[in-house]
Structures are given as structure tokens and as C-alpha cells.
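Let me begin by handing over the structure; questions about it come next.
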Amino acid sequence: MSTSKQDETIIQVKNINKTFLNKIKALVDFSIDISRGEVLVVIGPSGSGKSTFLRCLNRLEVVDSGSIVIDGIELNDQLENLLEIRKEVGIVFQNFNLFPHLTVLENANLAQIQVRKRSKAEATSVSMSLLEKVGIVDKAKSYPSQLSGGQQQRVAIARALAMNPNVMLFDEATSALDPEMVGEVLEVMRQLAHEGMTMVCVSHEMGFAREVGDRVVFMDEGAIVEQGTPEKVFIQPERKRTQFFLNQVL
Amino acid sequence: MSTSKQDETIIQVKNINKTFLNKIKALVDFSIDISRGEVLVVIGPSGSGKSTFLRCLNRLEVVDSGSIVIDGIELNDQLENLLEIRKEVGIVFQNFNLFPHLTVLENANLAQIQVRKRSKAEATSVSMSLLEKVGIVDKAKSYPSQLSGGQQQRVAIARALAMNPNVMLFDEATSALDPEMVGEVLEVMRQLAHEGMTMVCVSHEMGFAREVGDRVVFMDEGAIVEQGTPEKVFIQPERKRTQFFLNQVL
Amino acid sequence: MIYMDNVKGNSLIKIPWFNLAVFFLITILAYWIDLRGTGFAHLFAPITGVGDAVGGLDRLLLGAAIGIAVVADMHAILILSKRYQVVLIWIELLIIFLSFFYSFGLDYGFIQKKIGFMITQGAVTTLYISAISISIAFVLALIGAIAKLSSNTFAIAIANFYTSFFRGLPLLVQVYLLYLGLPQMGWVIDAIPAGVIALSLCYGAYMTEIFRAGITSIDRGQWEAARGLALNNFQTMRLIILPQAMRVIIPPTGNQFIAMLKDSSLVSVLGVWELMFLARTQGQTQFKHFEMLITAALIYWVLSMGLEMIQSRIERKFKKVH
Amino acid sequence: MIYMDNVKGNSLIKIPWFNLAVFFLITILAYWIDLRGTGFAHLFAPITGVGDAVGGLDRLLLGAAIGIAVVADMHAILILSKRYQVVLIWIELLIIFLSFFYSFGLDYGFIQKKIGFMITQGAVTTLYISAISISIAFVLALIGAIAKLSSNTFAIAIANFYTSFFRGLPLLVQVYLLYLGLPQMGWVIDAIPAGVIALSLCYGAYMTEIFRAGITSIDRGQWEAARGLALNNFQTMRLIILPQAMRVIIPPTGNQFIAMLKDSSLVSVLGVWELMFLARTQGQTQFKHFEMLITAALIYWVLSMGLEMIQSRIERKFKKVH
Amino acid sequence: GKTLERVKSKGVLKVATSPNWPPQSFMNDNNEMDGFDVDVAKEVAKRLGVKVKFVTPDWSIITSGRWNGRWDLSVGSMTPTKKRAEILDFPVIYHYSTNSFVVHKDSKAMKMSDLEGKKIGVAAGSTGDLYMKRNLVIDAVNAPEVKYAFNTDDIKPYTMIAPALDDLRLGDGVRLDAIIDNRNAMIKAVENGYPFRVLDGVAFAEPLALATDKGDAEFNQKLDEIIQAMRSEGVMRNLSLKWYGVDNTKAE
């Protein structure tokens, strides 16, 4: 992605801190602004706080301090704000969290019908077209336990996208996918980005980061070490830590 | 890995078939011989039967037909054979399956004490040295739910290795790991390979396959499409299907 | 279902010494407890050629006959398909039970005379009191469990008090308190409503704990996924958590329903003519109370088996795939 | 614990109209059920200045006093720390309960005279019969659940029959069958052993279902991981499955224990001097049996609270982190 | 008073009685209430000019008092003691019951004094229980004096008498040597095939009264009149002969 559309800030994160068990500092004074339509890729070593950051963005984790504003709405302890934001923010979890008692299609339909108040037929047509895009339309009637890892991950992606969110949070959204499939998912994501969707992707695959990212953020120990365009971060990293990390990459 | 030690067959798989729900053909007439000390990398699209193949190797799935012999022991419905084989075969699951009620250290110690009959002190020293190697020695007293995805995966690896198996089955063993960490795990695996451990790794990361594999098997729709040294499969693939698959790779 | 190891255990029954061992064990056991005089003697009379006669040989003969029968039976059962195996074993156990029973020498004519009324009046009353009560209890339990798991201190404290109080006091006392206590405040309540209220409150308290266990058994990830999709609390509970929790909730709830069938007999102290009341009154008049008790017991059992069948059907629905 | 949304609901109590609404509601309610003559009137006598006197104004005054008290109380409670909030609410509910109670005009002197014996003889007997029975039931339940979940048809059928039979028949009948039936076969059994055997068998059947639910609640992946590490069936059960299943098993097992305390009173028909037996017999001569029943009820409640405390301790141990 | 007004205005006399205490009151083969008490109640209602309706709450519920108009009268053969009179009113004694010992038919005991030191089953809290504990005071008017026939410390109380009968049925001395209870009930048991023998002689007799909820002197007065009338007209005697074969309406 090259066209950067830095016109309007949609996510504003200011000085957030998150500590687990009073000692594990997962996020330290973390701040970032994300523009509408931007694709942000977050990379960094295991345990550096990437997932925690994503989870804070729709308050699955509560920050200890700092503020988060999404689309002009403050993310605080007011239920209305929270539901409003969550409607617009989709998330794909690192371990998928599919609903095991529902079929693939029901997984994708559920929130559309309940939250977006779509009719069942309408929801099904949205779901089926997304399942088609990620290539598991033939598994629509299967249950999650009958799917392979990659198939589950694709269902999770389709389920989140079916809500037509403005912002998508991907936590290692392609880790269980083969390169072929990654290509197809990438295609979907590119399309979404063109349609103005904002995306925050945690990824370990540098190729992926390079391919889709408008901006790459390198995190370590709960803070941003370096950020910039993929070219800048991958090819001319400024910090020692970044250089060291990237040197390990195959 | 270049030194191929094709001297002795340790795993012999003959014409196994596995069908789910009477219609989904996960494995079709699948045969392969694996030599002692060999590192076999299995690649292929999502849903092609890679995990199913691994799971058949210690009878977590029962084959419909065909035979599997490991280290001279037939894998059949005799309990003694099965326990014998499982002692020698370690597995790292795609979704980790850590024991949530045990700490990281207890996870790694459990089978050593129960199955290998090691003393607690002995088991702990083995576990700690492995946790050290995969870089999570500081999380030894944490519970799985307190770990990041990559940390969990590393615990799963350490837990399996702690049993000193002759054969290790890795199902996407590095999917949740950042490149830096992959590098370290690779280091561990190389060492193990040198010590004569046989490994079967399912992977989506071609870099990984190239780096550690003695042989690469490309699967599609439950059967082997092509196999050979990484060089051969990656650089001069014979089959159209393989070429197509590899073209998608970033 | 226990995740099976896909291993056939060595089928014990094919090993000769196992069969021999079973035979001797059963024979000695049957000899020791001396089954002459029970229904067994009659069952085996055609083979052993003895009735209730006395003599050590008879006793041994009967024992051996039973021993052989058991071993033969095991082999016979294994020929059948799995489904019929279960049915057959059930029937056999029932026969054994009835044979023991036989030795009580009950007055079956008396039972026959009374059973009609016990069903039309007693069992019907029992069933409808139980059904109403368990329905109300179900709702109370749901509210109680959610209150206990909430973060509202008032809700937690009240729910805690509720479960402690209504589980702690004997149901009988609750029935008394309602029946005798409410009129003190100017509300004279009838026997059946008082019984239903007491049963509902008491079982609601027990089932609160069951629901609580069920809800907590659901993985945190399921809550997170539901939240991530902007479902509200009520939707999350109804569509995601409870359907999954049902697997854990149903079996102990079945317990409660079956137990309630029998606990509902406590309202008989208020003079309600339910099953146990009739059993006691009908029997005592003519000193046939053991007969009546057994009759009531069998009716209860039949009702329970009905519930068990319904339960296993519901369970199958909630189990499905995962 | 319900996974909380990390959202503070708008604290209702800070909104004036909510306080007003509560006040009017309580006042009207208190007026309607007319609390004069109950302990409440005495509680509020210093404020309202009336005893049990009659008159519409008194009634309204008492209602309003209670309304104000409730609202004031809610505010007072919120000042405390969470822990004390729960304690305080409990105490208040207890006072309300005792106030209702007061209207029964019980003979407290009589209770005082009898309570010592009821505890030393009655409660002790009840507790030890229950404790022995529940321990045996626990073992039976474990065996039963594993049998039911096994793939052995004999085991399944027998376990099925067991749970159906012993849950289906009323406990009273089981007690009788054992107590009167075993002597028919030459084994005269005492009251307490007969009771303990019946209780164990019956509760074992109920708990079988609870254990079954607990075991099936564990994810298949846990079995697979254990198998992958070459643990055998027994080790898997003991070290992996049961410790996790305990979270689901404990609450309904607590139910059973508490229920058993009271069901153990069925052995009183055999003349065992347990709590309920004493309650019934001590009161009967002087028609003071309501006093005795209440006393027994409170003793049962105290015992239950003890069990609840133990339960919550065990639960905390098994909950730990995940 | 209140009760009488209610009975009059509704035209129904609600009578609480036990369904399992033959031959005083029990449920007959047509599943209707029947027995001595029931006939007395019917006669009382007739003389009040109202219909009769029977309810069957537990003994413990009836004896808790505070009937709250759920029923008007108990015809339940209660022994009126002073303590009990704190809870219920006993307007009039309508018959007497006798208590005797029953033994297994194989027993060697022929008279009461043969039971010295034996194991006796009693209904807990009953007058029989108190008698065995040498603690029986029947402080009602006209109550006959209590004499004790023998001594034993081996008393086994039961919450209901039925299990005691079952225990005795197991054989002489297996679990019990004898039971003390209502003589008529014991005779009935023998008639119903229990392998028992009722010992000759009466341990003690007790007067049995109607019971009403506290506080309606007018109603009590009325009941007294009715029963006295039934006595003098010989109705009571006939009912007693019908159900017991003897006249129980006078103190022996």
C-alpha cells in the first residue's frame, strides 16, 4: 500500500499503561494516532504487548491510565459509548474464539442479526459472500470443531467482516494460513482498505507487513521502538533493537 | 540441513485413508517412509490433511485403513503398543492444548514424573533448561492464561521436548512466534536433529521449510503431490499444482 | 463422553480363566447369601429341580445354577448389537430385583385394587406440583446465578442469603413457615400454593448453584468474542453462554427434577392428596403400608424414567457436535 | 465469574427519583401487608412512638418509617467496603427474617431447655451419618460416571440401571428395603448402617450425573494433550480431567451435601436419634413441635453455612487462575 | 363467635381429621373418609344443620394451632392435657381409648408383667411413650388414674408406629419384644394378618376430645351441647359399638 491518507484521525491513543498482576508491564505510556483508511502493522517480539494493545482498543482489557478515542467517542466506562464503538470495531482473535455450538454460517450471521438488526436472509447473503471470498463456502454448515486450523481462522475473519466495521483489528490474522490463502486474504484486505476501512494488524510475517502496511510499528517491552513506512522500518531501521530483530528474520 | 541420513526407516506409513463424516476425505492412500534423524517438512494448502496426518501418527485419529509402524512397533488397537509409541513420540498441537490448571513448570514436569518416572528435582532441571532455551524461564510460575500466544507455543514445545522423544511432531510449531523467536527455536531444533531426533513439521512458512527441512512434502487434498529436497521442491517443482502454490508465496 | 483411546481392551470375556473366576465368585456369593426362599429358587426350579426345600446341597446347587447362568448370559449378551445389549442387561437387572422382592410376600391383590387411584389422583398431583415448581425454580435459579456472578454487591449479598437460607432450612420447615406464617400477615394461603412456593424457592436456591457452575464453566474467550461482536449482556447470555452451559447444567438439573418428584411429597403434611400421601393413608388403614410404599416407589420410578428419557433427548440436542 | 464488561453501570442510587421510587414502593408495600403486630412495629417503636396499637395512621407511619429506613440503609451500605457490605446486608436480612418470626410468639424457654440435647445428640448424629454417606457416595459417583462414559456396554448398562433405580425410588423406600429386606436373607442390619448404605447408594446415583457433567465439560484438546504425553487413562483422569472438572463438580456437590444433611432425617423412621427425630419427638407431647422444628431448622442452617464456607474455600483453590 | 358464624354463613363444617388412623378415621376403599371420628363429625354437622367437609392436614399441622379459619373443628381423638390446652381449645370429651401391649405370636409373655426389662417400641411423644417413661400425667377432667405394670429402660421410640410394627413382625425379640399403642389399632393389626398377639389387660386409658381453634366460646358451648345430646340419645354408644365392638364412650 502506498497511498497514505493521513487526513483524518480515527483512533487516538494517548499515554496508555497496562500492568498485569501489579508487575508485568504490558504497555508503557503507549501513544499512537491512526488515520481513517490507514493500514497499520504492528510487529515485535513475543510478549511485547501487541495483543494487549489490540485488546485495549475495544476494552477487552481496561487500561490503567491514559485515554483512547475512536471515531470521536471516548472509550470509557460508559456502556453506551462502549457498544457504539464495538459495533464499529471488528476483531479477529489470535485463537479465533469461534462459537462451538453454532455452524460456520450461524457464527457469521449471529451478530449481524442481533446487533445490526439485519434480516436472516440479508445476513446470510452477506455471510455467504464473505465465506466465498475466504474460500470456505463449502464448510458453511460445518461446526468449528470439524475445521482445520486455517479454516477456523478464515471463519473468524469472515465473522468479523460481516459486521461491516470501520476499523478491523487482526491479531495474527494469517498465522494459520498457507501462503496461497494468505494471498487471498490479503486481496480481501486490500479491497477493504480501498473502501476506506482502517486496519490494525499484528503480524509476525514480515512479507505480509511489507505487502499491506501503510505504516509499520515495531514494539518492544510495551512501547513503540520505531515506526514509519515499511520501506523505512525494514530497509533503514534507525534503532539498534530494530536492526537486531530484523537481522534474525529469515 | 544438508546431511541426509537415509540409513534406517523409523516411521513407515502405508496406504492410510481417513475420512470424516463419511464424506470428507482428509487422507487418501497416503504412504511415506521417514528415516531416523530426518527432518520432514509438510507444506500444503489449508485443509489438505496435514494436521490429520500428524494426528494419525500417534493415533489421536484412527485410520480407516492402512498401516503405520513406528520404531518397529505397529500402531494398532493394542494398548501396550500405543503407550510404547506415545512415549517416544512428542507432539506440539496447532492450538497448544496446555493444561490450564498447572503452571508452566508443572506443565513441563507432569509427564516426565508420571511417565518417565523421573524425580521431581530431575524433571524440574530438565524443564528449566528447556524453558531457558525457548526463552521463557521467567514465566515458569505463570499459568497458561497469563501468557501471550507466542509464550504459550513455546511452553508447548518445551513440554513435548522434556519427554526426550525420538520423534517430534510439530503442527505449525512456530506460527505464533516472531522471527527472532523462530530463530531460537530453529536453533534448538537443529541441535535436536544433530542428536538424531526425527522431526515431522507442518509449516506454512516457506523460509522455515527451506532452513530446517531435509525433505519437503507438498500435500493437497489428502495426498502427496510432490516431495524432495527443499531445493528441488521450491526451486524446480515438477507439478503444476506445486508451482501454482509456490507462486502465491510472497 | 470420555475421549476414547481408540483401543480395544483385551476382551476379558474371551479369556477362559476370567469366565471360570466369574462362575466361582457368583456361585460362592449365591451360596453364602443363601437365595433359597427368594424368587431365584423359583426361577431356577425347573433346572435345579428344587423348590424352597432345605438342605446344603440344594443351596449349593442353586448357587452353581446362578453362576452358570451369569456366565452364559454374558456371552449371550455380547452377541447382540450394542443397543439391545443395554436393553437386555436392564431387563435382567430388573428380574433380579423383582426376585429379591418376591421374598417379601406382598399382597398383590391389594396393590391392584389401589393402583388406579394412586395414579389418577396421586401421580397426577405429584407431577403437576413438580412441573410448576421446577419451572419457577428454573427462572429463580437463572436470576440467582446471574446475581451471584454479577459485580453488584447488593445482588451478590441478597442472592447469597437466598441460597444459604433456602438450602439451609429443611423444606418441611419452609412449607410450615409459609403455610402458618403468611396467615399471620393476613394472607391465608392454600395448601398447594404454599407447597409450590416453598418447593420453587428451595429448588431455585439449589439450582442457582448449578447454573452458576454452568456459567463459570464457559471459557473466557467466548465472552470476549461476543463482546467483540458488540453483543450486549443479555444477548451474550442467551445466545452464547447459556446454550453452551446447558451441557453442564442439564444433568444436575435432571437430578433436581427427579428429586423434586419425591420432595413434593412434603406438601402431604398440608393434606394434599399426592402420591406419597395416598401410599401412606391407603396402606396404613389395612396395615398394607409396605405394599403401598412399594407401589408408590414403582410409580415414582416410572415417572423418573420418563424424565430421564426427556433429559437424554435434550442432552443430545445440546451436545450435537463440539 | 461472569466476565465483566469493565463498565460502571450508572449507579442508580445516586439518582434522586430512584431513591424516591424506592421509598414509595416500600412504604406502600409495608402499609399493604400491614406490619403492625410483627417484630417490625417493635423495632420502630422508638421512632413511630407506637406499639402494636391499631389505627390507619399508625399503619401508614410504620410503613413510611420502614421506607425511610430502607433508603437510608442503601446509602449507608455503599459507604462500606465491599466485604463489609455483604456482611451488613446479610445481617439486615436476618433481622427482617427474625422480625417476621417474632409474630409466631414462640416459647423460647422451651427451646432453651431442649437445644443442648438437640445439638449434642441430634446434630452430631446427623453430621456424622451425612459425612460418612457423602464420602461413600463420592466414590460411587466417580465409578458410576466413568462407567457411564466408558465404551463398555456392561458398564454403561449397569451404571444406567444404578442411577435410574436409586434416583427413581424414594429414599424412604430404599431405607425400608434395606432395613426390612436384608433381614429376610438372614442379615439383620442396624438402623444406622442401613441408613448410611441407603443414603450412599442414593446420593451416589445423583452425584454420578454431576460427575458425568463435569467430566464431559472438559475440552477434547485436554484429553489429546494428555494422550500425546503418553499418560494412561488413570493418570489422565486423576491429573488432568478431574482437577479441571472440579470447578463444575463442586457447586452441585455442595448442593448434595447440604441436601443430605436433611435427607439423613429419613433414618429417623428407623428410630435413629438424629436432629429431625428429636425435633419431632421432643415437641409432640406438649404441642411445642413448631418450636422444635424451628430450632432444628436453625441448627441445619448453621451446619449448611459451615459447609458453604468450606465449599467456597475449595472452590477458590480450584479456580485459581484460569 | 367467629368460627360459628363462618360455619353458619357458609353452611359447611370443615373438619380436620387423620386419614390413617383406623378405625377412628381412615380412607376407605372408595377413597372416602370413614371411621368413628368421621361418623361423629358427620353427626355433629347434621345437628348444626350444615354440610360436612373433611380435610387431612398432618397431625403436626393441626396441633400447631393458628388455624386461621382453614378448618373449624378437629375430630381427631386428642388427649386434652393442660399444656396442649395452651394451644387449642378442647370443648368436650367424646370417647376414651385404651392402650395395650402387643407381642409377637411366638412370644412367651402372657401378661404385662412378663415384659419386665424387655425392649418396647413406642410412637415417639405419644402417651404410650410417656407411660413407658413413667411420666404420664393426664390432667384432664374425669381422667382415670395411671398405674404402671412393670419396669424397663429399653424403650425404642419411632416417629410413626408403622415401622415399629414391621420390626416386631420380623420375629420375637429380633428388633423388639413388644409395642405399646392404641388397643383397637393393635387388634386391627392382628385382624390384618400381623403375626401378633395383644396382651390381655389395659395399660392405661385416656380421654379423647374434640379440638377447636382458640377463642370461640360460643362454638365450644354448642359442641358440648351436641355431644352431650348424642351421648344421652345413645347415638355415641351405637357408633362406638359399630366401630369398636365395645362401648368406649365412658371412662372405664
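So that you can tell them apart, the chains are marked A, B, C, D and E in the order they are listed, and the count of residues begins at 1 in each.
Going forward, a contact is a pair of C-beta atoms (placed from the backbone, for glycine too) under 8 Å apart; a residue touches a chain by one contact, two chains touch by 3 or more.
A quick note: this is a predicted structure, and the numbers were derived from the prediction, not measured.
Most remote chain with respect to subunit B, judged by CA-atom centres, is E.
Where subunit A touches subunit B, the two copies mostly use the same residue numbers: shared numbers make up over half of all numbers in play.
Centre-to-centre separation between subunit A and subunit C, using Cα means, comes to 50 Å.
Here the CA centre of subunit C is 38 Å from the CA centre of subunit E. Distance between chain centres (mean CA atoms), subunit A to subunit B: 29 Å. Residues of subunit A in contact with two or more other chains: 95, 145-146.
Multi-chain contact residues of subunit D, defined as those touching 2 or more other chains: 5, 9, 176, 180, 220, 224, 227, 290, 293.
Taken residue by residue, subunit E touches two or more other chains at 60, 64, 166, whereas all remaining positions touch fewer. Residues 16, 19-22, 26-29, 31, 55-58, 60-61, 64, 66, 68-70, 162, 165-166, 188-189, 192-194 of subunit E are the ones touching subunit C in the complex. Subunit D contributes residues 176, 180, 183, 188, 268-271, 277, 280-290, 293 to its touches with subunit E in the complex. Partner subunit C is touched in their complex by these residues of subunit A: 58, 60, 83, 86-87, 90-91, 93, 95, 97-101, 110-111, 114-115, 143-146, 159-160, 163. Residues of subunit C that touch subunit A in their complex: 221-222, 224-225, 227-232, 235, 239-240, 243-244, 318, 320-322.
Residues of subunit D touching subunit C in their complex: 1-5, 9, 33-35, 37-38, 74, 77, 82, 85-86, 89-90, 93-94, 97, 100, 103-104, 146, 149-154, 156-158, 160-161, 164-165, 167-173, 176, 180-181, 184-187, 206, 209-210, 212-217, 220, 223-224, 227, 233, 247-252, 254-255, 258-259, 262, 265, 276, 290, 293-294, 296-297, 300-305, 308.
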